[in-house]
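Labels run A, B, C and D following the written order; every chain starts at residue 1.
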Amino acid sequence: MIGLTHYLVLSAILFSIGVVGVIRRKNLLMLFFATEIMLNAANVAFAAISSYYNDLSGQMFAFFIVAIAASEVAVGLGLLILLYKKYGTLDLDHYTMLKG
Amino acid sequence: MDGYIIGTIIKAVLILAIISALAGFGTYIERKVLAFMQRRLGPMHVGPYGLLQLVADGIKLFTKEDFIPSGANRLIFMIAPMITAATAFIALAAVPMLPEFTLFGVTVRPIVADINIGILFVLGMMAAGLYGPLLAGMAQDNKWGLLGAARTAIQFLSYEVVTGLSILAPIMIVGSLSLIDFNNYQSGGIGDWLIWKQPLAFILFLIAGFAETNRTPFDLLEHEAEVVSGYATEYSGMRWGMFFIGEYTNMITIGFLASLVFLGGFNSWGFLPGGIAIILKVSFFFFLMLWVRASWPHIRPDQLMWLCWKVLMPLAVINVTLTGLVMMF
Amino acid sequence: METFAFYLFAILITGLFAVTVMSRNLLYAMTSLAAGMVLISGLFFILGADFLGVVQLIVYVGAVMALYAFGMMFFDATGVIKEKNGSPFLVFLLGGMTAVLLVVIFAAPVIGHNVPSLYPPVAGADNPHAVGLVLFTKYLVPFEVAAVMLLVAMIAGIILAGKKMERSISKIDDSELETSGGKDDE
Amino acid sequence: MSLEQFKNRNVGTQNYRMLDLEPTPETGWGRFKRVAKRAVKLELFTGLKVTFREMIKALFGGEMHTVKYPFEKLPISPRYRAIHEMKRLLESGHYRCIGCGLCEKICISDCIRMDTRYDENQRKEVSEYTINFGRCIFCGYCAEVCPELAIVHGGRYETASEQRASYALFEDMLTPLDKLAEQKEYPGFGWISPDADEKIKKTPLAY
């Protein structure tokens, strides 16, 4: 039988995958993807806790996370498009103008 | 429990078979109706009245050479048509097709999964269906495909908003998301149909449905005169056939949704039993799509966006607000 | 049945997200991420959070990922990404340590067995009703704040990405195009 | 449809009708008024009505306009430019081509190849003549330039075949000897126009 722990471990693994992505990738779009993975992992944990503790607060937080992801994509994609128009690349290593 | 699973599997297979056959038959009907409206004969020579044309088409689609362009992303190119077909059929899972009937002493409910959020599930699955054309256009190494994919993204994303908002007002009146509840709400004859309470929502839903199924006033995704065939430029054979089946299945789904939500669903209609009534309604919507295709020219992409964001969406929001005010007082 | 569904979904989601993180091809990454999100909505359905599952389908899969895909068309992103990885060993060490740490934390016996349920679902109401009741009473202020945040994000997105939107290319005179030829190509 | 309708090229004598279109409104208020007027007059449904009426007429009135193509064919215009034909001299039956090579020279898609040699009478003789119909765009320049009216465009438009090389040889295009009596002069490209006499002006000799 599947218990809360199963879902939490799954969520932790997914979150770690997101962390690996954030550390490893240099492409800005891939960083956004990794962020989405982490948000989704949190969603899974929230929904599981909400279901097993019989409390709707978890689902509420999941809804707000979805809203945050939606606004993140709106602003972030606009910024990415601007950056790409300006530098012609999305590679983080190229954005080094603040380096002394 | 086992009986339930077996019953569900049987229902799913039946719906898959019947609807894909109907989708094939729909191409024949479309050709015939369009031909008559243009004073032509349409397919005539394969079988009586050209009825076997769809068999011939099927043979042609299956035996046609299936090639993948050398610059394309092979894997994505291959799975994109399956996404279209699969999401179209999954969306049908939450749609009740016919009223309950008894067969060999077993009461059959012709719905694969009666979930209490049925209508949102259908809309969500049709929203996920946009990945078919989108990925197909991006995976093939073709400018027309990319343009088609860009148009897919803007058209489907924009009109999902209108579909959702227009159907929100009926949801508020009925107070449930289950399509069966919608049907039961309108069980009292023609006077109970939701179209009389929500005419604006019905029109908005119909327009958005045309856009979501890529039908003619809004068939920007694969309009031959502008983008060769849009997302389907490089597709041939059975992969292209899957796009086709998905599109026709979506047409049938929109027809069922419109009949169930606004036109009284499968309640018996006068002397007509409910099953025949809903088939008539869906057939009418199917015919309406062909009729409109024969009559109206299609519009430019900027007009499409103008229509969605400056006309339909404000109207939908006003409709929802008015419905809320009327229900409150 | 539920066990089987959970393990199927869990393995598929993990694999798909791993593909997202590891793939050198943006198209593969986007596709597998979207597929993973669809499967996560399946997890929500198993957990009984029907409405959350549908929101995941419509908002995440239907809108957010589609927007990313639309954005990818601006970036010429169908090819292979070249990126330099400084020290893959360090990455996997850090990632692995995070994973181990999180799993240990979550798998450890949680001291939450007697946590009182703050907003239990209303008896007799199905999931959308219960969610609506809680969302519009206890969480009304956060809901409004989220709405304002979405509005702000929408305006910001339009302003960032939509420069020169009022300029219609089809309404420019041909003579003007000829005289200013090449100037627009920045 | 009869051939006369094809031949009638006097634009303006046909029964055309000018549509009384109002000018496109420039201001926002004008546009709104137009939208409102069209919505009230239900102009969209006029289109639906027309197509439905046509369908009823076609189904029950028998007003079908289909030409069952392989079984019945419409006449084509005399100036239609399909597969080339090589003509023969009516008196001797010899082919008209004198091997001047003008058609090869003028061909803009570079699809005509010809080879000539002197025969025993020291006359130029065409030894090889091919047209690559994979490249030909049927522009009609070869027929226009030919001084002997030897190469013309015929009316054979059904050109599906197993091989690309079909129709492409000199012998395939040449009028068969036994059909010489039926050879029709070509009134289209390259042929002098019927009113050529009126168009010719006398060269002024007195300067």
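Rule of thumb we're sticking to: a residue touches a chain if its C-beta (ideal position, glycine included) is under 8 Å from a C-beta of that chain, and two chains touch if they have at least 3 such contacts.
What you are looking at is a predicted structure, and each value in this text was computed from that prediction instead of being measured.
How short can a path of touching chains from chain A to chain D be, counted in steps?
Minimum number of steps from chain A to chain D: 3.
Using mean Cα positions, find the chain sitting nearest the overall protein centre.
B
Hey, which chain ends up farthest from chain B, C-alpha centres compared?
Following the centroid criterion, the farthest chain would be D.
When contacts are scored as defined above, which chain pair ends up with more C-beta pairs, A-C or B-C?
Of the two interfaces, A-C and B-C, more C-beta pairs touch across A-C.
Using mean C-alpha positions as chain centres, tell me how far chain C is from chain D in Å, no decimals.
Each chain reduced to its C-alpha mean, chain C and chain D end up 59 Å apart.
Just give me the whole-number Å value for how far the CA centre of chain A lies from that of chain C.
Going by mean C-alpha positions, chain A sits 7 Å from chain C.
Return the distance between the CA-based centres of chain B and chain C, expressed in whole Å.
Once rounded, the distance between the two centres reads 26 Å.
If you average the CA atoms of chain A and of chain B, how many Å lie between those two points?
Comparing mean C-alpha positions, chain B is 33 Å from chain A.
Scan chain A for residues touching two or more other chains and write them down.
In chain A, no residue touches at least two other chains, as defined above.
Can you list the residues of chain C that touch 2 or more other chains?
51, 63, 67, 72
Give me the residue numbers in chain B that touch at least two other chains, ranges are fine.
Touching at least two other chains: none.
Select the category (line, ring, star, complete, other) that matches the graph of chains linked by touching.
line
Considering every pair of chains, which are in touch?
Every pair of chains meeting the touch criterion: A-C, B-C, B-D.
Which of the residues in chain B end up touching chain D in this complex?
Listed in rising order, the residues are 33, 35-41, 44, 291-292, 294-296.
Note which residues of chain C are touching chain B in the complex, please.
Listed in rising order, the residues of chain C that touch chain B are 1, 25, 27-28, 31, 34, 38, 41, 45, 50-51, 54, 57-58, 61-63, 66-67, 69-70, 72-73, 78, 126-128.
Provide the residue numbers of chain D that touch chain B in the complex, in ascending order.
44, 47-48, 50-52, 54-55, 57-59, 63-66, 68
In the complex of these two chains, what residues of chain B are touching chain C?
1, 73, 75-76, 79, 115-117, 120-121, 123-125, 127-128, 130-131, 134-135, 138-139, 141, 146, 149-150, 153-154, 156-157, 160, 164, 177
Could you please specify the touching residues of chain C with respect to chain A in the complex?
Interface residues on chain C, with respect to chain A: 2-3, 6, 10, 13-14, 17-18, 20-21, 26, 29-30, 33, 36-37, 40, 43-44, 47-49, 51-52, 55-56, 59-60, 63-65, 67-68, 71-72, 74-75, 77, 81-85, 88, 91-92, 94-96, 98-99, 102-103, 105-107, 110, 112, 115, 117-121, 130-131, 134-135, 138-139, 142, 146, 149-150, 152-154, 156-161.
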